[in-house]
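Next come two complexes, and both contain chain A; in the first it sits with chain B, in the second with chain C.
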Partner chain A sequence: MIRFIFKGLLRDRQRSLLPVIVVVTGVFLTVFLHCWMNGILGDLIDFNAKFSTGHVKVMTKAYAERVEQTPNDLALVQTGKLTETLQKEFPEMAWIQRIRFGGLIDAPDAQGETRSQGPAIGWGIDLLSANSTETQRLNIPKSMVKGHIPTQAGEVLISEQFAEKLKVVPGDQITLLGSTMFGSMTVYNFKVAGTVKFGSAILDRGAIIADIHDVQLALDMPDAASEILGYFKTNFYNKELAAAEVTRFMTSSDPADPYSPVMVSLRDQNGLSSMVDYMDLVSAIVISIFVMAMSLVLWNAGLLGGLRRYGEVGVRLAMGESKGHVYRSLISESILIGLVGSLIGSAIGLSLSFWIQKHGIDVSGFMKNASMMLPAVFRTEVTLPAFYVGFVPGLFATVIGTSLAGIGIYKRKTAQLFKELE
Partner chain B sequence: MRRILISLVFLPGLLYGQNPSANKILEQIDRNMASKNRVLTATMIVHAQRGERIMELKVWSEGDKKSFTEYLSPARDKGTKMLKLEDQLWMFSPSADRIIQISGHMLRQSVMGSDLSYEDMMDDRKLTDIYDAAVIGPDHIDGQACWVLELRAKTDDAAYYMRKMWIDQERNIPMKEECYAKAGKLLKQTNLSGVKKIDGRWFPTKMTYKDMLKTGAGTEFIINDIQFDATIPESVFSKAALR
Partner chain C sequence: MESNKTVIEIRNLVKTFPMGNREFTALNGINLTFTGGEFSGLVGPSGSGKTTLLNIIGTLDSPTEGEALVMRHSVGKLSQKKAAHLRNLKIGFIFQTFNLLPVYSALENVEFPLLLQKMNAASRKKAVMDALDWVGLADKVRSRPAQMSGGECQRVAIARAIVKKPEIVLADEPTANLDAENSHHILQTMVKLNKELGTTFLFATHDEKVIGYLRRIIKLYDGKVSSDEIVTVK
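Moving on, here comes the complex of A and B:
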């Protein structure tokens, strides 16, 4: 029977071509959009986790309230002891100290006077320890453009774009002009070890990365850090587990003390939770709209087909075929169309998504003035749901469309069939 | 007004007014406070959220375009020097052995962690060139009768949209200033006290600056010693003097 219907569809392409094209288009768009949204969201979370939020972050309460200003006068103190406590109390996570800072980077001329300068955002990270995981976490080896990763105190990395602006190359001296933890002014010399390109507009505009001990010296922050980041040792962010860790930590936090450490999970930083929820919602709405639109188009196609096949259905009814049988055969045809269309649509959508997952799309040209921490290369992410997120609605929309259009069969009056056929 | 208050420390005042009554008041302040040059030593106390920092400094200034500041203590800041010539500012750090020009957005940063910004130090335009001034009524501060002046920006590049200043009616010195944003938010507040008669003129020797957007309890600037119309060698106001 299936073979019979399939042959009918192949031989009468007017019956199958438009519905298949509609299903293929809808399924392709659904699959691709799903992978695109997943990819952007995944990159966004991953990028923020690595550079800014960790899977959880520990800061002072006062610092957390103004975190976007990186107020190091409100930084954590006695961080060595605090980190040890965190490692003991939360052994499922890796804990690392970081200092984030802002300031002016000044490049001197031969007389030691200002030749060029520009504002910078800085990271003090563990660059020099033998067992440091930070260079890998921030993908520094693959981001290197010139020079080498710092191997000794006083060496720094700066973004390639910033280096070009300042006209400095590896080996040159630069000076940080900023504020110490106690509000005093600091002027501290560094040597450029290398330049990096992270692929994020905000970082590539003016980033400087130094070893945390150098930054502690420069900003007068002995045994202090802006924040302590926690990463699950599995490297995967677990929303529920992170929330549980935060709840457990916060039982020992003193809400009345502005310098008491507080823990915040990834979702609750940088507006990520609302962004994730928003993108989930958009994704659901888009898929619903596609299913609805496909159903309407296929219903319309079914109606047109019904009109075109008015005579055929009439003859079949006149020959004694039951209305139910005709209706079921149309549904069977639609299942086949849905299957074929969904398979082709999924295949195209997945293929394109796999390609973009591998190669990415460079959107840096649109993000020159971006103030959010976003990667400059967008990639799709092909997940297991991508294999059925378009396929299932593609199939159902076709069947629903045909079911609606086929209702007309039951309205045909057998007594008038021969008159109509004449 | 902020310029006046900064001028009390770093520069001699030069003030004019457009509104007749406001103009008269500003001229009286100028007459009382203006001098060819001045040399002063002062203590700056920054009340930050995590404690206070005390700095000693010496300032040489000439006219409203030149000033030279040297920090004498604490040890971390000792030897730091700043030179302002016209609209340019350089600083020298002995620890880095660098002369750095402060420009662009850095001018909005705090001077040595205080509640004063470089921009506040640098703005040497006449108030009446930037603001429309008017007397809005009398008031009292610490029992002293004051005139309250309101200055509204008439140029787009004014640091503050509106300023209010309280002027001592008897001694012709500013007692208080408030600086506002266009939305009406109070951005900075300055209180002046410790008024003394020095070389025949009334002069406030203590200024308390508060940047309302910063945590902490403000910055006190206490003049320990001040000389008007002293002899200052021209070499003081040169980049060579920075090192």
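Moving on, here comes the complex of A and C:
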């Protein structure tokens, strides 16, 4: 009997092909959308990790409390030793120091008089050591507009827009007016090596990137740094492992000492955990909308198919099939359609997502210029839920749609169904 | 199949349909008895209630008042499931518009009632081939309804009705969509089945060709039996 039913299903394209196409489309879109949103979230986390939070970050307790002000008077000291300790205690991570600072940049004329000036956000990172990973991490080579990446002490990068405003070009000298770690005024000269595009309005308006040793000299911060960032050597943020490291590190932190270093994981910085939760929520809403739309379409397809089939149902009842049997056979058909559609839809969605996860879609061709902050390559991210996030709703939507549509068989009297034959 | 046994008994049958806020009486006090092996017909103009009566006998509809006993089962008191079972085993239907399942071949259409009976494959195959042989379509087993003529489709429908060796075959205007030649052909087939298998046939018709074959003519008019005559064999 089952074979008989499936034979009919396969031969009747309207009964099989159309609903399968609906399920395939819905499931495919759900899976792909899920992976795509995961990818965006992943990019967001990755971007935050690279530019700001690390996978974990070590600061003094007092600095951590006012981190958005970059209070360098509360910076970490003896960071050389601290970094060594971290490397020994947490060898699965790469540890790098950064100084974040603010100040006024002054472009002098030939006489040394101010020609133009503007406020700037500054980063001191490891630009010069042979095995530095920082330029790659911040995507600097691809974001260069003019000039070159600093190769010697005293050279800096500034944002292209800022350079235009200051009317400086690579080779020109600029002066940083800032305050030292101890609160006194400092003046330090740099030479512009090149300009970059950040892709963030604030940074493009005024930012400079200097080698950390220059910044230590400029701000009178020998062997000190605002923060030490830790990155998993796998490059992937592992939530659980990061949390475990934080716990381990914090046992040796002295809560009474405001200068005692503390470790904070990525999730607990920049409001990222609520961001992640928010993205999860958005993802869930988008997927439920898809599932609902798919159910409605399938329900309708089932109703239309059912109407079209009242004649067939009438004949089958006349031949002595019971209503329950007819109903169950419709459900069997829908299970088969749901399974096939969901399998194909998931397979297509997963394959495409895997492919984009691996190769990425390079959109740099569409952007005028690559920049440090806007990812030029979109990637999807396939996670375990992607395997069922489309499959399960696809199957259920089909079966529920048919169940609802099929209730008409029970509601109508046999003779009425039969009237459709005439 | 035993003859002279009562297979259908209808007592004071009334059937009304709701029509707006009034009732429309389609059958009004019908009393009829059919014995096994009859070849009889309900004859009357369109709207006289022939199909309504046939549907009640076929357990597809139920009486409003009175009683219809089919194989001693009271129609309307049977559960939906038991009625289906009774139809499957004892009652064959033939319709004006053939009503074959379009996606299935002739063989599969005829096989369908036996699949419902869960008959094993070997007996099923034999019964189906026998039935198609009976109607002279053994060479068309693989054809789908769309590939066959009206006459052929109706013969497949007859094979489907008789493949399960039912007690009763109900045929509602079976020749209405057929030309004279095909009409006579299927009527002769049914006469032969009636004689050789003893199957009871009940027609609903206003076709003179069909009436010519009937051995009992029940005239319906306005939901009432206006005459009931046995035709003496010429």
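By definition in this document, the second predicted complex is superposed on the first by the 272 of 422 C-alpha atoms of A that agree within 3 Å, B and C clash if a C-alpha of one lies under 4 Å from a C-alpha of the other, contacts with A are read in each partner's own complex, and residues count from 1 in each chain.
As a working rule, a residue touches a chain if its C-beta (ideal position, glycine included) is under 8 Å from a C-beta of that chain, and two chains touch if they have at least 3 such contacts.
This is a predicted model, so every value here is computed, not measured.
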Partner chain(s) touched by A:Asp106 [first = chain B, second = chain C, both, neither]: first
Chain B versus chain C as contact partner of A:Leu74, first or second or both or neither: first
Partner chain(s) touched by A:Ala293 [first = chain B, second = chain C, both, neither]: neither
Which superposed partner A:Thr114 touches (first chain B, second chain C, both, neither): first
Which superposed partner A:Ala347 touches (first chain B, second chain C, both, neither): neither
Contacts of A:Leu177 with chain B and chain C, given as first, second, both or neither: first
In the complex with chain A, residue positions of chain B that touch it: 46, 48-51, 53, 76-77, 80, 90-91, 93, 95-106, 109-114, 215-216, 239
Residues on chain A engaged by chain C in the complex (per definition of touch): 1, 4, 7-8, 11-12, 311-312, 314-325, 413-415, 418, 421-422
Chain C to chain A touching residues, read off their complex: 51, 55, 58, 60-61, 80-81, 83-89, 91, 93, 95-97, 99-101, 103-104, 108, 111-113, 115-116, 118, 160
Contact set on chain A toward chain B in their complex: 62, 71, 73-74, 104, 106, 108, 112-114, 117, 119, 175, 177, 179-185, 187-189, 220, 258
